[in-house]
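Across the two complexes that follow, chain A remains constant while its partner is chain B and subsequently chain C.
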Partner chain A sequence: MTATARGDRRPWVLLTPALTAVTLLLVIPACFIVVYSFWLRTGTGAEQAGFYLDNWREVLTDPFYRDILGQTLRIAGISTLVCALLGYMPAYFIAYTRFRHRAYLLLLLMLPFWISYIIRTMSWISILGVSGAVNALLQWLGIIDEPLQMLYNEPSVILGLVHFLLPFMILNIYVSLDGIDRSLTDAAKSLGCTGWQAFREVTLPLSLPGLAAGCLLCFVLGAGTYITPMILGGPTDAMFANLVYEAIITQLNWPLGSALSLVLLALLGGLVAIYTRYLGIDQIAKSFR
Partner chain B sequence: MADNGNAVELRGVVKRFDDFVALRRADLDVPEGSFVTFLGPSGCGKTTTLRMIAGLLDPSEGDILVKGRRINDVPIHRRNLGLVFQNYALFPHKSIFDNVAFGLKYRRVSRSEVTRRVREALALVRLPDVEERLPIQLSGGQQQRIALARAIVFEPDVLLLDEPLSALDANLREEMRIELKRIQRELGIATIFVTHDQSEALAMSDKVVVMNHGVIEQEGTPEAVYNEPATAFVADFLGHSNILPARVRGREGDYYRVALEDTGMEILTAAGNAGPLETGAPVRLVLRAERLRLGDGHEHRDGDTLLNARVDTVDYQGQLARYFLSVAGMQLQAINAIDRRPFAEGATVQVRVRGDDCVILHGHGD
Partner chain C sequence: MKDTGLGWSTIRLATIVVCLFMFAPVAVVMLLSFNSSQFGSFPMEGLSLRWFVELWHNDAIVRAFQTSLVLGALTSMISTTIGVLASMAMVRYDFPGKRLVSTALVAPILVPEVVLAVALLLFLQFLSVPKSFPLLLAGHVIFTLPFVVLVVQARLVGIRREYEDAARSLGANPLQTFREVTLPLMLPAVLAGMLFSFTISFDDITGTLFWKPGGVETVPTQIFAMLRNSISPEINALGTVMVLITVALPLTGAALARRLAARMRGR
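And then the complex of A and B:
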């Protein structure tokens, strides 16, 4: 490092408020969680400070946790894939529409965020529930006699997640599509591509960073959720964050909950690290901008 | 259809955007192998015209012919035209080789042939050693060359360039201008070049098409549009001109004697292409700033008019100076080479107006 670079403290001065906030609100509590995970809850329900590996042994060896983790990754993965497939078209439409008030389309995309996530999730009950709109309609039309059981299974959890995650995916893809120079597709066409070929040669590859960033965001958000499976899932559709919730809120077993949440944190953190390593942090940062 | 030696023809082409007319009924020939420039101020419709030829825009009316074939309904990817964009539009995710090879990929050319032709094109633009690189690893001038190589590698019928040099700095621009002309000659490909830079247009073209507000004001060789402007706009846009309302006094051999409206001053003007003019007819006299000769005292020659002027302002430009003069209350501008030092402000000078340098335009205009 050069002398000037070392001597210039301004960046650090400017970063101080942010770093302080992150340290106080994130790093220190996270350290508490790490410490907690080595404590022990005794049979009486009291917590015993110390350095016990019991929680970790249970979390890392019990196949129950492994299965739920696998289920979590599967549900998050499928939801992400569905979001990617469903999200590309609207993103493309918003980016390339000649509609003059494109900003309103983006605003429309944000609209769901004005309503509580829990309420949005619960709205599916009145749509797909036993006495929900779809069943009522089908029964009224005489197509079915008995109401269909459409909720409280894995597909309904995925449905809820897709509903929640889709705007994030669309925004990420939109940003990268919007950044593509329009003359590139013109150039490709002038060189002999049909519109579809130009899309495959130019637009799609250049929008992949946005798609990748969207996938990462959706996967991480999806894998960390516990509200959707709680509201729309059945008894066997718990996701990993539900276990954390269960341990901490229901059983008041903070040491076990800490260990569980650290496992999820490590897994998703590792995924982000691999992802950025592979794609380059700049690419992902560009799409988040 | 009969081949009349034109690479591109526009027949009554009109382009409207809603109510706005971007191009008014244009008729134009681009002869085979020639270098034609669209020249005009910003917004005059140059790009619009070029994009219609390229197939990126549909004309509202009229026909566009390439090599005698009407191509209005031929989609862009089957037009076989080489296009170079102002911002180069190289594919950022493809290597230079793949960029240049792109047009061949969609033309069913064998792999060995692709390699050979890409190498040939890169040699032609004098950048043989960059095949493996990405566009971002090249300088602006180099990217420009690659864009050109990409546009010519598949032997297009016509090369279309939209202000390809305007993103380059002045020196590089001049170098690329010469280079571009060399490549065009070597390939003998009909080329349409869009620019708003008159020196570019005059230096490179076989034919200059001067446009203004969607109208083709004049087309002709660089000398013709420069020396014999057909409209006041052309006279003013190419170089600096004094355009003075006047009235015809009478004919004197090859010259008309005209009297300036403002001052009544009489000036002899070459009849040239002006055609027959009645005495008393309103005209405009075009005096090119660089054709007015300033001196301390000129010898009188036939066909000349000598005017006494005072130097109001001097705009010193190194080897040239631009003078703002007043002649009997009338303002004129003159651009002269500087002989050691320019005339001082406030000095009295004599201006020689050669009749052969004057151009007459009919009417007083608007």
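And then the complex of A and C:
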């Protein structure tokens, strides 16, 4: 079904608008911030073109940035782990249930993707806030007199991230579970495996690519966010992307912001590159089918 | 694992708990939006629609809605057009460098969105393009393009070339073939791409906060700005309206696509 004439110009004509957009709006701008990160913002607020290592020296040696980077990796890592633990069983349920209306379960799986991220994040204020559902219930029951302070700390940031990322994890695990040939587990059982053994020896290993894709996606999306810590975190719960936002929008220090963005890009882009090198991007693309 | 009853019950229970975790907070927001008290929190004093009425009379929110709708519609049209063309090239042709092109097309989502936002903002500012609606639109287009390409490609694979060949051999010219065969077969894919890009654009805040000019707000950035003050019941009402829109759209779209597909099979 694919035409393979060499030198056929038609595919390139079809691709021109998309590739132009990617080149102009992503590739060249990305190269541009590399150059920009070596510029300098002088005391007067003007920018000086040139080749200065000051931004890079600051970003790479200042312990402040290192600490926030560590904090970012920790928050994203814990969120990813929690997502993997929480996500596997629902994915397994949807893939293997004999429930007649499985299509509705799939719809339920997709539903969170359609509910706005900012609304899902802010909804936790109505749950855990000083006058939120949990405090209202506990006070009504007479268990506590004063409302508990549950928000604006690292756990609440992680909670918000898990809530945001879990659907990605479930979807990726589901896709890989759904692709497993059912006769394999039947074969394992007919050879004397218990259900648990068949799961451990056959199903679990075969679902690992989906689990890995889910973890990668959750980690990269989690480590790149600045909205969740701004809404659910306290003043000390900044993540690396918050530093970028701060430098670009608040301080207008664009060269420094460029250097910070590139650190984030190197780290997360590097992870994606390693992943695609060994496992291919197809696993993630499968979720769209 | 299914035959060990205990294991399966645990899995079912876990699934229900996860569902509650996913949907209960949003349900609480929607419930609170009908609270007649003047605070956007518990206790519920009574049911009323006053916050929805208030929403309607709040100029800033109405403007944010208009901005979001126009931005989403334009993004979805541009992004779907170039995305569908690219997908056709990827699905229909083999050519040297295809792997690289495929990576380039999804690159905007492989790069963290903050970095994409910064790069585009700084580059265009360097070219003296100020923060403006066109910058916002360009950002949304590049960010939604990979999603369109992935979704549309997945659906185009199913359309077999033989149908077109048959039409051609029966005497249809290329234009007729496209109009009568290819386009109707592609319609669900195009629709899916449009819906997908619209919702993503409508929902985006990470890039939008970087790109939007001062004074212009989309619905998510408006909510974000309001959150910095306090949780007013107006926010809850706004959230409810937004959830209804972003959930109703794809559901309608899916139903429409199924109708189209059914009609096509019926022919």
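Structure notes:
One rule holds for everything that comes next: the second predicted complex is superposed on the first by the 256 of 289 C-alpha atoms of A that agree within 3 Å, B and C clash if a C-alpha of one lies under 4 Å from a C-alpha of the other, contacts with A are read in each partner's own complex, and residues count from 1 in each chain.
What we mean here is this: a residue touches a chain if its C-beta (ideal position, glycine included) is under 8 Å from a C-beta of that chain, and two chains touch if they have at least 3 such contacts.
Bear in mind the structure is a predicted one, so any value in this text is a computation, not a measurement.
Because the two structures share chain A, they can be overlaid on it, and in that overlay chain B and chain C fit beside each other without clashing.
By the document's definition of touching, of the two partners only chain C reaches A:244; chain B does not. When the two complexes are overlaid on their common chain A, residue A:193 makes contact with chain B while staying clear of chain C. In the superposition on chain A, A:202 makes contact with chain B only, not with chain C. Once the two complexes are overlaid on the shared chain, A:92 sits against chain C while remaining clear of chain B.
In the superposed model, A:12 makes contact with chain C only, not with chain B.
Of the two partner chains placed by superposition, only chain B is touched by A:181; chain C is not. Between the C-alpha centres of chain B and chain C, as viewed from that of chain A, the superposed structures give an angle of 80°, to the nearest 10. Of the two partners, chain B and chain C, it is C that touches more residues of chain A. The gap separating chain B from chain C at its narrowest, counted between C-alpha atoms of the superposed chains, is 9 angstrom.
Counting contacts as defined above, chain A residues 194 meet chain B in one complex and chain C in the other.
On chain C, the positions that touch chain A within their shared complex are 1-4, 7, 10-12, 14-15, 18-19, 21-26, 28-29, 32, 39-43, 81-83, 85-86, 88-96, 101-108, 110-116, 118-126, 138-139, 141-142, 145, 147, 149-151, 153-154, 160-162, 199, 202-203, 205-206, 209-210, 220, 223-224, 227, 231, 235-236, 239, 242-243, 246-247, 249-250. The touching residues of chain B, counted against chain A in their complex, run 54-56, 75-79, 81-83, 85, 87, 89, 91-93, 102-103, 105-107, 150-151, 154. By the touch rule above, chain A contacts chain B in their complex via residues 181, 183-184, 186-194, 197, 201-202, 205-206. Residues of chain A touching chain C in their complex: 1-4, 6, 8, 10-12, 14-15, 17-19, 21-22, 25-30, 32-33, 36, 86-87, 89-90, 92-94, 96, 108, 110-112, 114-120, 122-127, 129, 131-133, 135-136, 140, 163, 166-167, 170, 194-196, 198-199, 203, 220, 223-227, 231, 241, 244-245, 248-249, 254, 257-258, 261-262, 264-265, 268-269, 272, 276, 281, 285, 288-289.
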